[in-house]
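Shared chain: chain A. Partners: chain B in the first complex, chain C in the second.
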Partner chain A sequence: MRSLTLAMGAAGLLLWPWAAPRYFVFLASLIVVNAIVAIGLNLLSGYTNQLSFGHAGFLAVGAYTAAIVATRAPGAPVVVALLAAALVTALVGLLLGVPCLRLEGLYLAMATLAFGFVVVEAILNLDGLTRGNDGLRVPAARLGPWALATDGARYYLVLVVGAAMVWAALNLVRTRTGRALLAIRESEVAAQASGIHVARYKTLAFVISALYTGVAGGLFAFVVGFLSPDAFDVFLSVDFIAMIILGGLGSVPGSMAGAAVLTVLNDSLAGFQNYRPLVFGAILIASMLFMPGGIASAARRLRAPLAGHPRVAPGSRPGPE
Partner chain B sequence: MLSVENLAISFGGLAALRGFSVEVAEREIVALIGPNGAGKSTVFNIVTGLERPASGRVTFLGKDLLAMVPHAIARCGIARTFQNTEVFRQLTVLDNVLIGCHAHLSAGALRGALGLPAVGREEAAARETAHALLARLGLDDHAGVEARALPLGLQKRVELARALAAEPRLLLLDEPAGGLNPTETRALMGLIVRLRDERGLAILLVEHDMEFVMSISDRVAVLNDGRKIADGKPGAIAADPGVIEAYLGREDD
Partner chain C sequence: MTTAALVHVVVSGLATGSIYALMALSLVIVYNATRTLNFAQGEMLMVSTFAGWTVYAHVKLPLVVVMLIAVAAAALLGWLIERVIIRHAIAATHFDLLIITLGLSLVLRAAAGLAWTHDEFPFPSFFGTRPIALGPVRLAPVSLGIVGASLTLMLGLWALFTRTRLGRAMRAVAQNQRAARLVGISVERVYAASWVLASVVGAIAGVLIAPVIFLSSQMGFVTINGFIAAVLGGFGSMPGAVVGGMLLGVIENLAPLYLPSSIKHSVPFLMLIAILLIRPAGVLGRVTRPKV
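Let's turn to the complex of A and B:
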């Protein structure tokens, strides 16, 4: 039953460019890009409880790195540009993550917020590389002799890379590293007592999160074909946070669901820019009030009674002694 | 095995410990008792590296623990439970125990993300160990339940399972019977003694339940006002006039 659903979903994703109008193929690419960012952000904020308001900055670093590589080395395959985006952004994540070890909660949020502003300023100032406010045209992604010049071709590139990133994230969270991140979120003291090197894993979460967002940035550059600094403002960072809260903190499938819903919504509200923050805010508040744990935990609750999972009612716990 | 010598520490000018020493030998169950605020939990926090004393020495199997950070101390073979249970509340009971296995697993982030066969084998073995531990502690029915959904007595047992998963040589139990009913307390007494016998564990515990302390401890150390006022076999401690005055007498009020 489950594998049938997955197979049908996969077939749908593969056939999408043939079934859907061109614009919706572009939109689907954007959903996958945002899903990769959401997974990366969730590993940092949802799994490890380090809130970041600076992920638009990581996305920009990845996007500009890939675009610059593609411009300066026109024959290079897209894989090289994406790898460069991944590595440069991961390095930036490391450089930001180490000083952020000393910060928590609001202070960490402020530091990452500032990081986002710094990245935009850097793009404006490094105009020899980035063309600053004029914006940077991104050449078509190349794969050997082919140029991925259509929305369909770009969609398949994004889909393949996205599938690999999702697969890796699902593997990661099921093993020792994912559990260590969750342990840190739940109780740093108990995590240490279990032999977990908290500082190392917090930094690792920053690096992995930045790497994911950097790859997404590289894909974003090729999908939209034109970069300018105002696309990476703080509101984009807030959108990413909204995606993981709506989807579910600490859930990879939830990240994807949140990214899909908010990307489509964002697109449908494109004609009503002034009302967009209002609608997003309302959705966030409603999801925190009525769906704590996001789409992921709502889906789990729907499935649980069917599968007959044993559940002890909360509240049967006696109070503190 | 564990040697704590001359610990002194104060918080905001108040001396919590003033020259406290205690020894724990292999396979020994030592209880630390004393009135509230006597400094018992502080001893645990110093041994596990959460707090640093102003002076004193702590060595475990010849290693200087005061020079080590908490996760490194855990890896030396010291596991603990907490006075106000620190289970990973939103994680399943199984995951709680698997996190206890952390130091014995080797898969890094990259190998884990790539899902290499070796990682799969390691995970499967860890799950088997964890399930065996859960079965041993009577938690096997709750493996898939979030820890926060369990009653306090079971949460304490989850914490114990997590500590045991680390395969420690020395187990520190901070008020293991706190909040348990008499039946649960008796079951826990039997369990602790059996764990010591089966696994050759040394155990240092803090506990207020005198029946619990007197019936399972090999030795009892009494802490009052940051100082050790007695240290000996349970029978001798129960008869010690100084202890009765400082501690046991007061409980009868």
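Let's turn to the complex of A and C:
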């Protein structure tokens, strides 16, 4: 039953460009890109409780890296551009993650918020590389002799990379590393007492999270085809937070569901820009008040109504101390 | 640069600084009670200021009355938010509360945009525009007025926190919630009082700064500098909030004289990153150790 559903889902994803109008193919690519970011952010926030307001900054670093590689080395295959995006963003994640080790809670939120602003300022000031406010046109992704110039081709590129990233994340959270991260979320002191090198794993979470977002940034550059710094403002970071809150902290499928719902919602509210933050804000508040654990835990409860209980029982949640 | 011009720059820095200090204070008041950063503080300030302005636009009342209306609106808004949303999340973690206030800030800004549009409106000022000459130094009345009004308010807050039962109860809750409850303090009432007080302080800051930065749905963003000021001084410390605010205001005003203009906008953020790296506890904050 489960494998049948999965197979049907996979077939649907593969056949999508033939069934759907062009715009919806583009939208599907965007969903996958956002899902990769959401998974990356969730590995950091959901698994180690480090909330980041700077993921739009990581996305920008990845996007601009891929775009600059593709522009400066026109023949290079898309894999090279994506790897460059991943490595550069992971390095930035390491550089930000090490000093952030000393910070927690709201200090970390502030530091990552500042990081997001600094990235946008850096893009504006490095206009020799990024063309600043004029924006940067991204050439078509190349794969050997082919140029991925249609929405369908780009969709398959995004889908393949996305599937690999999801598979990697699903495996990661079940390894020693994933369990160490979960232990850190539950209690840093207890994790340390059990022999988990907290500093190393928290930095690792930062690097992996940045790497995911960097890859997503590279894909984003090719899917959208044009980059400008104002696309990467703090509100985009807030959108990513909304995705993992709605989807469910600490859940990979939840991240994907949250990304899908909010990307489609964002798109359908495009004509009602004034109402968009109203809806997103209401979703944030409502998820926290009525659906802690997000879509992921709601789905768990639906599947097993008797055995189902929230990730943490309401009574046992630590109150403000 | 002449000394007189330097004094002028420093005084206007102190003026913006005292606004940052007021915003930092309102953040710290809520933080001390609920241990959460109120992301919606700037938007609460903006909505209260708009409420005062709306009355002023219809009936030309004296500005003191306008400020009182803004304060009343702020008190109501703070009380409502605490009562309707925050209290229902009383079992939530700090992380959850942070997300809730983040959502609130989005909702309030969008609602203000729908009610009052996203345009900028001029706001009447208490103070004249003719510069006051003190020897060779010429000072803007707005700067002096803002500094004076803020200092008065800070004195009032200091009296509230040291001389009244409510203030002492709030400080007790900030120190140890469980112990405060054991000695008979109603923690719920302190929560509500903290939200109302923070909202009121924010509204006064809003009415003071609105003539300078204009009234708009986006004006809440100045609170980011209030956050930074609070961190500079040591988050949770009220004297720290005042010192941090003044420090940030003066440095921000002095920096463009010595630094290339391209990084002018990043100055508060660079200061934030620097203080977090060098001394995360802030200038006056105490280093705390996690308890198991």
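Heads up, the rule we're going with is that the second predicted complex is superposed on the first by the 304 of 321 C-alpha atoms of A that agree within 3 Å, B and C clash if a C-alpha of one lies under 4 Å from a C-alpha of the other, contacts with A are read in each partner's own complex, and residues count from 1 in each chain.
Quick note on the criterion: contacts are C-beta pairs under 8 Å (C-beta built on N, C-alpha and C of every residue); 3 or more make two chains touch, one makes a residue touch a chain.
As the structure is a computational prediction, the values presented were derived from the model and not from experiment.
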item: First (chain B), second (chain C), both or neither touched by A:189; value: both
item: Partner chain(s) touched by A:133 [first = chain B, second = chain C, both, neither]; value: neither
item: Partner chain(s) touched by A:150 [first = chain B, second = chain C, both, neither]; value: neither
item: Partner chain(s) touched by A:285 [first = chain B, second = chain C, both, neither]; value: second
item: Chain B versus chain C as contact partner of A:268, first or second or both or neither; value: neither
item: Contacts of A:172 with chain B and chain C, given as first, second, both or neither; value: first
item: Which of chain B and chain C A:111 touches, first, second, both or neither; value: second
item: Which of chain B and chain C A:245 touches, first, second, both or neither; value: second
item: Residues on chain A lying within both footprints (that of chain B and that of chain C); value: 189-190, 314, 317-318, 320-321
item: Contact footprint of chain A on chain C as seen in their complex; value: 34-37, 85, 88-100, 102-111, 113-114, 118, 177-178, 224, 227-228, 231, 235, 262-263, 265-266, 269-270, 272-273, 276-277, 280, 290, 292
item: Residues on chain A engaged by chain B in the complex (per definition of touch); value: 167-169, 171-172, 174-180, 182-183, 186-187, 189-198, 204, 208, 250, 309-314, 316-318, 320-321
item: Partner chain A, residues of chain B touching it in the complex; value: 48-50, 69-71, 74-75, 79-80, 82, 84, 86-91, 95, 98-100, 102-103, 105, 107-109, 112-115, 119, 123, 141-142, 144-145, 148-152, 155, 162-163, 166, 178-179
item: Chain A - residues contacting chain C, complex; value: 49, 51, 99, 102-103, 105-107, 109-111, 113-115, 117-118, 121, 125, 188-190, 238, 241, 245, 274-278, 280-285, 287-289, 292, 314-315, 317-321
